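Notes for the one structure printed next.
We call the chains A, B, C, D and E, going by the order they appear; numbering starts again at 1 in every chain.
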Amino acid sequence: QEGVDLGDGGGGDSENGRNLVAAIAGEPDQLDPHNTSAYFSFQVLENVYDTLVAPDENLEMQPALAESWETSDDQLTWTFTLRDDVTFHDGSEFTSEDVAYSFNRIIDEELGNAYRFGAVESIETPDEQTVVIKVSSPSPNLLSSIGGFKGMAIVSAENVESGDIQDTPIGTGPFAFDSYTTGDSISLTANEDYWGGAPEIPGVTFRFISEGTTALADLTAGQVDWTDSIPAQQVTSLESNPDVEVGMVPSNDYWYLAPNQASAPYDDVRVRQAIAYAIDRDAITQAASFGNATTNQLAIPESSSWYTEYSEYSLDLERAQQLMDDAGASDLAMELMVTTQYPETVTAAEVIADNLSQIGITVDIRTLDFATWLDEQANGNFDMLMLGWLGNIDPDDFYYNQHHSEGSSNAQGYSNPEVDQLLDEARTETDVAARQGLYDQAATQIADDGSYIYLYNPDVIQAWSPALEGYEPRSDRAIRFADVSFAE
Amino acid sequence: MTDAVLDVRNLNLSVGRANIVNDVSFSVSQGSTLGIVGESGSGKSMTVLGATGLVDSPPAVVTGTSTIDGANLVGLSRAKLQKIHGRRIGFIFQDPSTSLNPVLTIERQLTEGPETHLGMTRRAAKRKALDLLEAVGIPDPGSRLGAYPHQLSGGMKQRVMIAVALACDPALLIADEPTTALDVTTQSQIMALVRSLQERVGMAVVWISHDLGVISGVAEEVVVLYGGQVVEQAGILELFRNPLHPYTQGLLQARPTLGSTAELVVIPGSPPDPKHLPEGCVFFDRCPLRLDPRCETERPPLAAVGADHLVRSFCATSGSDRISNAWEASRV
Amino acid sequence: MNRTLLYFLLRRLGHTALVLVGVMVVVFTLVHLVPGDPVRVALGTRYTEESYNALRAASGLDQPLLVQFFSYVGNAITGNLGVSFRNGDPVTQVLLARLPATLSLAIAGMVVALLIAVPLGLYAALNEGKTSDGIIRAVSQFGVSVPDFWMGLLLIILFSSVLGWLPPSGYVPLTEDPLGWLSRVTLPAVTVGLVAGSIMTRYIRAAVLDVMGASYIRTARSKGLKRNVVIGRHIVRNALVPVLTIGGIQMATMLGGLIVVEVVFAWPGLGRLVFDAVAARDYAVIQGAVLLIAAMFLLINLIVDLLYAVADPRIRVS
Amino acid sequence: MSDTPLLSVQDLQVHFSVSTPTGRGTVHAVENISFDLRRGETLGLVGESGSGKSTIANALMRLETPTAGKLLLDGKDVTRVKGRELKELRRRIAMVFQDPFSALNPRQTVGASVAEPLVVHGLAGAASSRRARVNELFGLVGLPERFADRYPHELSGGQRQRVCIARALAGEPDIIILDEATASLDVSVQAQIMNLLKRLQADLGLTHLFVAHDLAAVEYMSHRVLVMYLGRLMELSPKVELYRAPGHPYTQALLSAIPLADPLQERNRERTLLQGDVPSPLNPPSGCVFRTRCPLAISECADVVPEPVVLGEDHVAACIRTAEVPLLNR
Amino acid sequence: MTTTPAATPPSEPRAPVTDTRISALRLVFRNKVTVAGTVVLAVVVFAAAFGPLLAPYGINDVDVPNALQPPSGQHWFGTDELGRDVFSRVLVSARVSILVGLVSVGFALLVGVTLGLLAGFYGKWLDTVVMRAADVLFAFPVLLLALAIVAVLGPGLTTAMIAIGVVYTPIFARVTRASTLAVREEPFVKASISIGASSSLILRRHILPNITGPIIVQTSLSLAFAILSEAALSFLGLGVQPPDPSWGRMLYVAKDFLSDAWWMSFFPGAAIFLTVLAFNLVGDGLRDVLDPRQRTAIEARSGR
């Protein structure tokens, strides 16, 4: 590596070494975990906040701020026992009041995540160490609802009420918020009193570098220690670079196509199926992620315990053409809505357009900025759209929202009473195996009906300097720097 | 002509295929004024620019000699020319409103010459500038030093130009149509000014004009240029009393003069294109005489027809009356 | 003289205010015409109808447009540009935080552009028609036709990845670490400067050629001045006015935010702020930023006009 | 005088409002000038640069609007006419400008320039008859027809000025204003143009307003001469009288500034050299505007604006000391 | 009205003038540089017209296994990240780039020149209104303006063209106004007024022809910048919609392969460079030919 001393890369020095510099691909919109929905915010907040429970590397829920929990026999009362050695970064004590405050805030202010508490009836705090959550129906996914990501973080009431939470958040996590240079970076410092043990590094500086080529140049130049701002096409050459460690794990994310069932002829299941048969998933996957992904015909990857085997739609143009003919749909002009926010949708769309042209569908790719895209989706203004669903843990979260007639993200207008019933049942089924069975059925039906045409599960791709030790990429894309250190 | 300040011999100047100056010779001695007359495009400016090394060569090709202080300016190096320009030769150009730099103060434009050539300090040069402005008759010179050219009237600007030209007490002043752009009243002021300065410092002057009236007021010796050639050269009185070349004759009779309303002579057509000079006499296509068969085929030589009177014409010796009559006949 | 200046300034301020109001109307209309709902962007893909309505009301977006406009203009006059929809930060503060980065890149870019354009333009003009002139014109043509994102990435690969001379990205305030600032501003400034410099080279060449034909240059030469003096004192000063014009336009463009270059070099300037704000439909920030950019543009114009008067005494009168 | 003059100018005044470093100011370009233009005559208009000659010419063409005074064409007030009448005025009065190059559109063939009045006034109908008329006009001013396809820069100065004259003749005007029409030409060419103008006037019965600062040319061309200084009338007189016995010191000074034909005379003559420059028309001197440069000025001159004194038939001079003006020594 | 013609037939003017004019087209071809520019442009226009017929491969023939092949006999310009033939895409993209250039600049030219002409000629309040409006547009950050227009109208070729057109309109208005102001003061305009010519005739016959020089220069510059602006819009994802290629889009996609697949950026980049250069050369040539003074000089130089 070139031995040019180019300064410390922006972070603050301290006696015990320098900040880790992480290049993320964009700037957080705000730092209030309950209000933001941006992944860039959570990359930072992951290290600032804690949840009651938290997923381990296998995405099983493990104790975090809650030491232990138990459920009543009727499954309607959950009692959490909190750790007693936790303080906020400002030094104040963490108690059950904070948990109740955080959850009630989400519910009462109808914040974006309120739907996760749909079944919650009350949150009680019998003592400082205990939180009791009462639900209206058995909720097997409660743990992943309250711990799946930092959107359910326990915040400090004072921090919220002063309004500071948006740009100087105070949490209980391994790093405390230090400073924010707009447009450039956010710095965190190690929380010496962290209940999980003080981090070894003095702090983390997140820099916002959206141009992947730049971020990688920074990484190789030693200006940055870690990045996930990586053009997928450069992974291969990156892997052969001795100055860089590349970490790739299959993620639970999935990318899908959704034909709009409110508009003809996509209300015809045969047309949807024809599309599913006509597309070349391998080519799409290769083109969109340069092989750093696994094709899949359902949402859940093989690595997950919720995985279901399904391989109905192998590339079969004849069949597809047959289906189109049966449906009486020929010379179809289709608007495929994709967004520049996720360039993979644009690339994939180009392959899909080529694929579908072979069964007489002329694809007009509409590339929108995300704001417009969201608007159009909400207004049902599309023939077919492509998007991904990120950071999934419990199937209820996505199957219910996307495919239940009442689901809040069912923009494609799918409605199958059978599926609705399966999803309703699975929601409250506490037996894991039985629940899995229900989702198997529902998922298969959804795919058969072509509500979504699933494409692939991308890998999480991250790269870091070989000097960084103890870092592991996670399949839920949580970026945790609590346990990393620099090699001497 | 031993006391010649500037002695030009056989000067030729061409740009590409255009023969702009053809075999021009003249000299001017200390304290006297040489007038150069000719129509627009006859090569007056190019003659003096070529003779003083102020044309860019290339593209211009200059041959012949032009001697000042024993140095031949033709082909002299740029560095040596720079020592002579402004120091030994001062220049005044036609349009005072474009020949002064619009963004520099009068002071700056006056002092840079003395600073460069006389090694004066800025302060000494400024004192000199004041004297100069005084000398060219600018009222309240102190307040004018800081002025910019656009703040002065045309006559004032031309006075400043003269001051600039005379800043280093040159031996030779080249005045290229210095009054053409000015009012008659201002013109007579400037003429008087140059004459009086010449009397005081005794420099040689080359004064270019297309107006014979102006030349008659300032020059002792006159060169008539046509098609880049000297067609006639004589003392001022001789030329006016006894013009021999039909062109000179025409010029004299074409200008309206006070107190005479006799019909004007017309010289038809226009001067030749330097790219396509006629084979014979350059004046051939406009000439009312064409007395000699050689007129069309052969260049007449510049011949002496008396003491200090040269003329380039095959028709000149035939007597001036004939010429006048020829022009009479061609009147409209 | 001073009264003229005052009169001039007052009139210009009047114009400026007028144009700013125009800009405000246009930007407000445009921003609200643009499809895309800030609330949806903020909520992402998972939310309920209730949460949507709650956030909309909380941010005042349910008010009629005209009400929103007048309250915006009213506040703007008092210097209050509203708060960012995304994080509640006062827009004024956000803009001020970004200004130094933009200013330093614009100024550094201009310096590079001038370092390129002045010598090259002058040299080309003085050697008009020669081979060197042709080469300079060809190179400037090249500089004009290369997209800046491409040039930027090429520079990063060359000077950071291959040669390891300069850091690829980032920004350090000049006041904190002058050397760090310099090492980081160099690549983006060169990227910007190459393009602007190429354009300016052509203008300077043309301007100098123009001046060289003027008869006062012949006068200057007739004084026997050294070539350098003729060039430096007589030619350059007179060529300044047209060069100022194009320089002013280039500078204004740079101050207006170099979105592309800022994205490539992760430069925390106004351009990227605007770009992000547009993506998030953060109305207040877009409006504020455009207003600031327009104001800077007009300020540059004013400065250029004042500089004209310095460069050309003839302009001082009228 | 039995018939009305062709054009009568009465108390013409043209002021320009300009902004100056010290606020707004008024340029007194033309102040209370009255004169008649008689059918078939040439009136010479002389004065130094800035004296308001062009402004008068422009006012007659209504290129400038007079701030006061009247213009009567054939006795009819045309000071404020608009539209069709203005167009007709501009057909009846034509103008030839000083610089024949800049007065012709460099992007138009000279033939097109000459045809323009025909197009504008709907004369000569179809394109072919227009072409014929253009050829006729070219013949009139002594230009070969084939020149019609040339661009101005391809012609010599004299030829260009002929084109301008042809254009002025195209609308068959009654009056031609020649604003320094010969000033920028070489002597030889100047003579061509002046002779041409004289011939055309004789042939076509035109009336000329001949603006110039060259008194010799004015003497050659005009029947009567109007001398102006700083926007004011100084002297108006038949030519012969003006040159023999000028009634105004300014006229006298102008005459003495003209170089004489003979070098001996030229050198030995006694001159009345004017000192200094023309004052600014922004704030002209009080009383007689010429007093600041006048060799005969007395204190009274500062107090009263001199009324024109009648010195003979058709001869007036605006000077209170007109009797003292020395005769020009010839 | 008949009179005898002047007695003295004037001789030829100084510059030799041929009486039969050389046609403008032939004049253009006397200048080698202009010819080179014209040839390049002709090739580009040809490609724009017939690109799809000439292209050896379909522009959207995705062939993922053959992605990122360097130039070879089979793929002259190599293949891109989806295995598409870069040569075919460069060829076919000519249409988009030329279209963007011509339509957007045509729009700006039409609107800007009209407004600038009227503002410059009539002055007064019209001038104030038009020029303040131009200032408003001018004061707007260029890309933002484009961004906003694209956001309103939705991305795509048409909106990209409108956006670029709107952005360049004030520039044309300014250039035109400045030139108009200058030409308006020319004596030949005054001469035409003195003839009684109407404003519209003066605008058409005198002002417009005499401001073509700066407008042509501005047009050729703008054409170049319009093609580049399309690239910048593509960088921001707002230009031509995939899968249709444009040179700008291709460059944008290629930026991520800068160190692995130089051919992906080299060829579209070279296409832009050559086209931009050609526009400028032809613009200069055109300006010279339209200027009668230059024209005579060219005629004279080329002999006869």
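Definition applied: a residue touches a chain if its C-beta (ideal position, glycine included) is under 8 Å from a C-beta of that chain, and two chains touch if they have at least 3 such contacts.
Computed from a prediction, not measured in an experiment: that's the story for all the values here.
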Chain labels contacting chain A and also chain E: C
Centroid-based (C-alpha) most distant chain relative to chain B: A
By number of C-beta contact pairs, the top two chains: A-C
Rounded Å distance, chain A centre to chain B centre (Cα mean): 90
Distance from the mean Cα position of chain E to that of chain B, given in whole angstrom: 49
Whole-Å gap separating chain C and chain D, where each centre is the average of the chain's CA atoms: 54
Multi-chain contact residues (two or more partners), chain A: 213, 369, 372
Numbers and ranges of chain D residues touching at least 2 other chains: 156, 158-159, 192, 199
Touching two or more other chains - residues of chain C: 34-36, 153, 157, 161, 263, 278, 317
Residue numbers on chain B that touch chain D, as the complex places them: 39-40, 139, 153-156, 183-189, 192, 210-214, 216-217, 236-237, 240, 250-252, 254-261, 263-268, 270, 332
Chain C to chain B touching residues, read off their complex: 214-216, 218-227, 229, 233-234, 237-238, 240, 311-314, 317
Chain E to chain D touching residues, read off their complex: 1, 3, 5-10, 13-15, 17, 19, 21, 186-188, 190-198, 201, 205-206, 209-210, 212, 290-293, 295-296
Chain C contact footprint on chain B (complex, rising order): 54, 78, 81-87, 89-91, 93, 95, 98-104, 108, 112-113, 116-117, 148, 150, 161, 164, 167
Chain E-touching residues of chain C, taken from the complex the two chains share: 15, 18-19, 22-23, 26-27, 30-31, 33-36, 141-142, 144-150, 153-154, 157, 161, 253, 256-257, 259-260, 263, 271, 274-275, 278, 286, 290, 293-294, 297-298
